[in-house]
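Chain IDs A, B, C and D follow the sequence of writing; residue 1 opens each chain.
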Amino acid sequence: MTATIDRTTDGVYIIAATPFAEDGSLDIASTDRMVDFYLETGVSGMTILGIMGEAPKMAADEAQRFARHVLDRVAGRVPVVVGVSAAGLDNMARLAKTVMDAGAGGVMVAPQPGMATEAKLRAYMAQVCDALGDTPICFQDYPQTTGVQVSVETILGLARDHDQVVMLKHEDWPGLTKLSRVRAETGTADVPRLSILTGNSALFLPQEMQRGADGAMTGFAYPEMLVQVVARHKAGDVDGAEDLFDAYLPLVRYEQQLGLGLAIRKEVLRRRGVLASATVRAPGPAMTSRDHEELTRLVARLEKRLEELA
Amino acid sequence: MTATIDRTTDGVYIIAATPFAEDGSLDIASTDRMVDFYLETGVSGMTILGIMGEAPKMAADEAQRFARHVLDRVAGRVPVVVGVSAAGLDNMARLAKTVMDAGAGGVMVAPQPGMATEAKLRAYMAQVCDALGDTPICFQDYPQTTGVQVSVETILGLARDHDQVVMLKHEDWPGLTKLSRVRAETGTADVPRLSILTGNSALFLPQEMQRGADGAMTGFAYPEMLVQVVARHKAGDVDGAEDLFDAYLPLVRYEQQLGLGLAIRKEVLRRRGVLASATVRAPGPAMTSRDHEELTRLVARLEKRLEELA
Amino acid sequence: MTATIDRTTDGVYIIAATPFAEDGSLDIASTDRMVDFYLETGVSGMTILGIMGEAPKMAADEAQRFARHVLDRVAGRVPVVVGVSAAGLDNMARLAKTVMDAGAGGVMVAPQPGMATEAKLRAYMAQVCDALGDTPICFQDYPQTTGVQVSVETILGLARDHDQVVMLKHEDWPGLTKLSRVRAETGTADVPRLSILTGNSALFLPQEMQRGADGAMTGFAYPEMLVQVVARHKAGDVDGAEDLFDAYLPLVRYEQQLGLGLAIRKEVLRRRGVLASATVRAPGPAMTSRDHEELTRLVARLEKRLEELA
Amino acid sequence: MTATIDRTTDGVYIIAATPFAEDGSLDIASTDRMVDFYLETGVSGMTILGIMGEAPKMAADEAQRFARHVLDRVAGRVPVVVGVSAAGLDNMARLAKTVMDAGAGGVMVAPQPGMATEAKLRAYMAQVCDALGDTPICFQDYPQTTGVQVSVETILGLARDHDQVVMLKHEDWPGLTKLSRVRAETGTADVPRLSILTGNSALFLPQEMQRGADGAMTGFAYPEMLVQVVARHKAGDVDGAEDLFDAYLPLVRYEQQLGLGLAIRKEVLRRRGVLASATVRAPGPAMTSRDHEELTRLVARLEKRLEELA
């Protein structure tokens, strides 16, 4: 049975790394360990082949093989969202069909560069929805990477005009007021509810939850923190949530370094025994020995701080 | 008496250079010659302190002195539009008041970088209109330079919501379909007419006139061509207009080189006896000796071609 | 036998469209006609799967099938350059190997976005050369699209440090002085010669030839003009070359509209009987009926002008 | 007596806000309070009219009046650095002379947009140094805002070629490895030492100090934290420094929101009794009531955490 996303989806959707062996080939054993690890931390879903991942560096058949393997391992226990952003609609529709047939719970689509007016973006998303049929879509609002600014009005329009657009991945920055507005102006008589999961490496997760986000979709290498912060907010323990978050904040900030963050994230997963190798495909970022020492120090400080809190 | 722009303004508004002496100081004698030269070519108006000019390199009092001098010399014979785009509304309002008091016929405003959604841009233009009172405004749509994409819908909104916004300087690129749409969707029951003058160094002037532009606002160093091409279109001699334009096209294209074009334009005006010096303020582009030879060749070819056409 | 590019390559390398049927599928019959048409116009080479083409909208196996078909049809009569720019080196190397094995004459590589300092770009190109082995490389300098500014010093460095980098596709803009400098500072005691073919839709082709370019690599829908302009320059008939070019300049300019230009180019090829359909894959530009009329008018004016010149 | 910056300058150079009254006019009384407040926190210097401040929204004479007032109030107790970045060298040189004559300790210069190759940037900085004479210069490396990427090699070149370039304001991001390299490769036999002060709202201040930065140049509204973190690092109390920093990190992160951060910073200074009004000049960011509540909560949490640490 397939679990899918909808307008009420909540919790933590962890953005999964793509594990590679030292020689750069797909590492299936690490993939299995990683899926199990994520599920054990209590995530509500998983996102693969995301925009900041290494999907563009994989061969098309390799990406499909990876997606199928993850979907098999997850086996419907949680929804898996697959990034399908592509220059052409044909390629997007083909990948979407393949992964939905294989059990994905939805797809994620970001605007293509150049969709730089509201009118163009709305026309594009209408084409996308037409091409994808009734596949549930998470719309990714990520101007820092796409170069496309999206107004609240356009987001409301997408929610209203397209049954398939059920989720917003919120990562405009600064974006807290935008989040408040989308929360207040959806789920009304005019505009249906949107599930809102937040990104930006979780740098503002407590503020986002307090403003009505349904959860997070990001790839922090300690998913258990994300899970607990979201859960505590839902349970009304706002201060407890924020205390825990603040303990991890030095590392959240460290992992949020654009580009380099991916290498750091993989290295943390390696140190935690999840990945066999922290390899990033070329061309890509690499940690220096100084970065490694710094990470060691930050992790040690985190562990000390968690003890204080316990 | 002051001549002002309005929703029916047409003809050629030449974008004036700012003449500097070899030592970089303002050259008033050349300014007088330049104003007389432009008026003799038959332009319908003049634009000074434009976005691609050297206004940002002038001291504030120097820019005001230059504006006042041009306005005195023109003496109300044609409207003079003054570029007032600025980071802050206070500075914009102050300059606008100064030049309107001195006899300017309107001001030109481009979106500030960062007004990158329709909602933000509309809010910004409402602030601008509020700050400028009833000063007639030419809205400059120039995404290549401002980084702000403006939809047809937003342009219609500006025309409808603000009495002061009477003119569109059209220089989106490619922008012919946008021009056709603005022409068709203004001057209707819902949206008042907009004067549309086109920029982009006149590279598409015949096509733009044939699609309903009211004229051109650009700085080509042979204003007499722009004047005749616009006049012939209005007189119905479309082929004659385009024949003349095509003769100049090699030079139009040459002058359209972003950045360097300003140096070429000043050099042509120098060669034509208008400016004493082609000096551009630092940091700025400079022609190489190879560029000078190339320009000489292109001008000689133009003269030969004009003889063939005569 | 395979024809390959090297440091002395000259002439016109036409950038080939990818022909699609009305339903968006690859049109093999039109591909054959197009290859024959290009060869009949006298081009010296062909470039496929280029950065501004529709390669990113094709499935990986479809792109390979298209490349193989073109290579078979050309059958070694002229070198075929294949665009292999990709986010990951693995994908780039795989495609390069496939097409070189199938008889390609070289590959074209543009910097990836983000290689935004000389140091990063040089390191990246070293990785590329390492991954591609001894495949001849055309380096594409196209900042308007890649966002990567490349200095003359870096181009000289690439020519000197990598035997494989044999050709520069020059399309910086404005770029005439850069072209003069690369020509003067290569083929010296320190830096080996580079073949320089120019792009930018040929808007400055005569000036570029007069400054020492070896030819053009662009996709204008009248390749016979490009061939003759290059040939006349080589034969010393500079004025004759420029006369012919200027006759086509209104259309060159019209086809140079970024994005829309591809639709215009395909439509001209359709009207000339080369392509069965002008279909561009979604999302993509489309000509309005006004654009069609405008094109008709411009083509009629071209034909009239060519008669005058004859 | 004037205090000036040099290659060994260290400590915290606080980036000063420009205080405005509710009606937007310059607030001199608040300016005095602010200068006194900054000096009491123990800062080693002050920076005014910075790139992210509101200098572009001030009239030229207003900016000079503000600078003179701050310089008078500081009265040589610490060096004051003045931002002089400008589109034209004339305006830059004029402002630099005015403020140096009035007792400034140096000026700060960022690359102008468009200086987008190393060669262009080096040529530009040579022009700048020529125009500014022997004024000590802090070079601001801030690609997110200027769009100009600067390599380590270019920074070393500036340090070596220009006696005046004595300080680097480091705010490339991610930029920790760059900082390590500049530290290691200056102060050598070939390249003189550079003072390195870091920006980016202090988000990585402990890591930067541990990698050899000399201090910070940023505008966090709790300068006493910056002062102590720098002092503790210099005293060898690295853990104590980082413990204190981490307590403030939730607020550091909150103030680092691009654009909005300025409004937050002014509001904190208002709440602390320093500014009479948090007014930001139009067009500018404004805090919502939700933002105000959020800030209140974050400040309360900070105070609680500081008590725990005490």
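Note that a residue touches a chain if its C-beta (ideal position, glycine included) is under 8 Å from a C-beta of that chain, and two chains touch if they have at least 3 such contacts.
Because the structure is a prediction, the values reported are computed rather than measured.
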| item | value |
| --- | --- |
| Required steps from chain A to chain D (each step between touching chains, minimum) | 1 |
| Chain of greatest Cα-centre distance to chain C | D |
| Equivalent interface positions on chain C and chain D, same or different at half | same |
| Mean-CA-position distance for chain D and chain B (Å) | 38 |
| Interchain centroid distance [CA atoms averaged], chain C/chain D, Å | 47 |
| Euclidean distance of C-alpha centroids - chain B vs chain C, Å | 34 |
| In chain A, residues with contacts to at least two other chains | 259 |
| Sites on chain B touched by chain A in the complex | 116-120, 143, 149-154 |
| Sites on chain B touched by chain C in the complex | 173-174, 176-177, 180, 203-204, 207, 210-211, 242, 246, 249-250, 253-254, 257-261, 288, 290-291, 294, 301, 305 |
| Parts of chain A lying in touch with chain C, wherever the complex brings them together | 24, 54, 56-61, 86-91, 94, 112, 114-115, 124, 127, 131, 259, 281-283 |
